[in-house]
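A short write-up of the structure that comes next.
Chains: A, B, C and D, in written order; residue numbering restarts at 1 for each.
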Amino acid sequence: MKTPQQIFELMYNNDPFSKLLGMKLIEITDGYCKLHMQVTEQMLNGFGIAHGGITYALADSALAFASNAKGIQSVSIETSINHLSKVALNDILTATTEEKNSTSRTALYFINITNQNHTVVAIFKGLVYRTGKEW
Amino acid sequence: MKTPQQIFELMYNNDPFSKLLGMKLIEITDGYCKLHMQVTEQMLNGFGIAHGGITYALADSALAFASNAKGIQSVSIETSINHLSKVALNDILTATTEEKNSTSRTALYFINITNQNHTVVAIFKGLVYRTGKEW
Amino acid sequence: MKTPQQIFELMYNNDPFSKLLGMKLIEITDGYCKLHMQVTEQMLNGFGIAHGGITYALADSALAFASNAKGIQSVSIETSINHLSKVALNDILTATTEEKNSTSRTALYFINITNQNHTVVAIFKGLVYRTGKEW
Amino acid sequence: MKTPQQIFELMYNNDPFSKLLGMKLIEITDGYCKLHMQVTEQMLNGFGIAHGGITYALADSALAFASNAKGIQSVSIETSINHLSKVALNDILTATTEEKNSTSRTALYFINITNQNHTVVAIFKGLVYRTGKEW
């Protein structure tokens, strides 16, 4: 059976979008993941702040890494995000997962996205389906 | 007062992330928007399908354009997305908004994301806050 | 195999809460349900309007009946509701389901709640898990 | 200006649905509320467990009391709930709120629902709109 770190590497090495956005792993364990990335000019929207897809993508990657780190392939089925504070150019965002529930069929994660000042900029909720297929 | 098309252009011309992903406008009217984009290699995740952030970003841009087209600056406060079918390399995605509710304070939109075969690949729900500030 | 009507009766006859609230069936078919109920004094909250739990409960019952009518026992795993208009004493509420997706594992329903004036008072989204167990 | 306890009493004394379900206050402070109730036969659904509307109603009342306790009338605009464990007859449910964000316009609360064994049976997320009107 593969370790969380090995599963992360298998996933991340084949994940061009997470790489394009510059996501970097801080920590990965069974059911837990911490990622960070920096907001660049390419990530802004028409209001001059980070596009909502940026914080979402960071959280969605953290969800995928955390839930798959348990050894069973898991896919997102429903996610929601609340944008609480503006995300500006050059902000450094950190996504930290918290596993709220995990069964053989589904698992629920809450993910906090904070900036470099420890302000929570978004809160994400993600439900995954466990396919049953081992990594 | 600006037209929906003028507001769209003001927003889109300053929205590098929507451009980076290759989003193209099909139609914009008061409270309605239709956008499309094609999935490239850069948009894939560790399962070889489009990263969840891709369909989310397309829908989130459609939400922003549709809700702002009414002339008042509006910002997303809560969004959710259900991923229903896999999105593959080269798929052409179309986001079509439907306004469910609009008051002076908030508005609610549902957005369908379909692929080139008219399969619904994701359903998005977005709630915006109306700042009261005119475009 | 049982019909949607038979499954509904098995469920409803053992569902004291739906009966307590006075829910009545209008129509049940495979993956579809329409229910109504009237708002009584007991259902109000501290603002003198219907408690949010009333529209939620009506939609949640409609979700259960519609998703189980397909013959496989299905349980709700995630639901959300947007309250769009006030619900007053004596209002007659109708919940109408729309199946957005159905696989062997999960299904997604949107449910509109309208009042006697055809105003949409709430929109509900419900995701169910298919246990695989037949009715 | 009224205290959280005074606002709670004004709301609860005019809230027949919360009383019908037997909700009892454990604690109320500015932006925080803890409520409990016991599951009776009337609250069951067609699977012989508590109707989803029961945990939802408890959480929705806790949301209303916590968010209004800050002194400004606040109404729910979007809520979601994940049902994690079955709720049985006679279970004693406790809802505990956590304020995640609060501005002059909106506030976001997460609410845990636990049973008498401290098992989390449901997790609720609620977004309220601040009307600006004082209690």
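By our rule, a residue touches a chain if its C-beta (ideal position, glycine included) is under 8 Å from a C-beta of that chain, and two chains touch if they have at least 3 such contacts.
This is a predicted model, so every value here is computed, not measured.
Pairs A-B and B-C differ in how many C-beta pairs touch across them, and the larger number is found at A-B. Placing every chain at the mean of its C-alpha atoms, the farthest one from chain D is found to be B. Between chain A and chain B, the centres computed from C-alpha atoms are 21 Å apart.
In this assembly, the C-alpha centroid of chain B lies 33 Å from the C-alpha centroid of chain D. Once the centre of each chain is set as its mean CA position, chain B and chain C turn out to be 29 Å apart. Multi-chain contact residues, meaning those touching two or more other chains, occur in chain C at positions 77-78, 80, 82, 127. Interface of chain B with chain C (complex): residues 80, 82, 84, 100-101, 108, 110, 120, 123, 125, 127. Touching chain B in their complex are the following residues of chain A: 10-18, 20-21, 41-48, 50-54, 56-57, 60-61, 64, 75-83.
Chain C contributes residues 77-78, 80, 105-106, 127, 129 to its touches with chain A in the complex.
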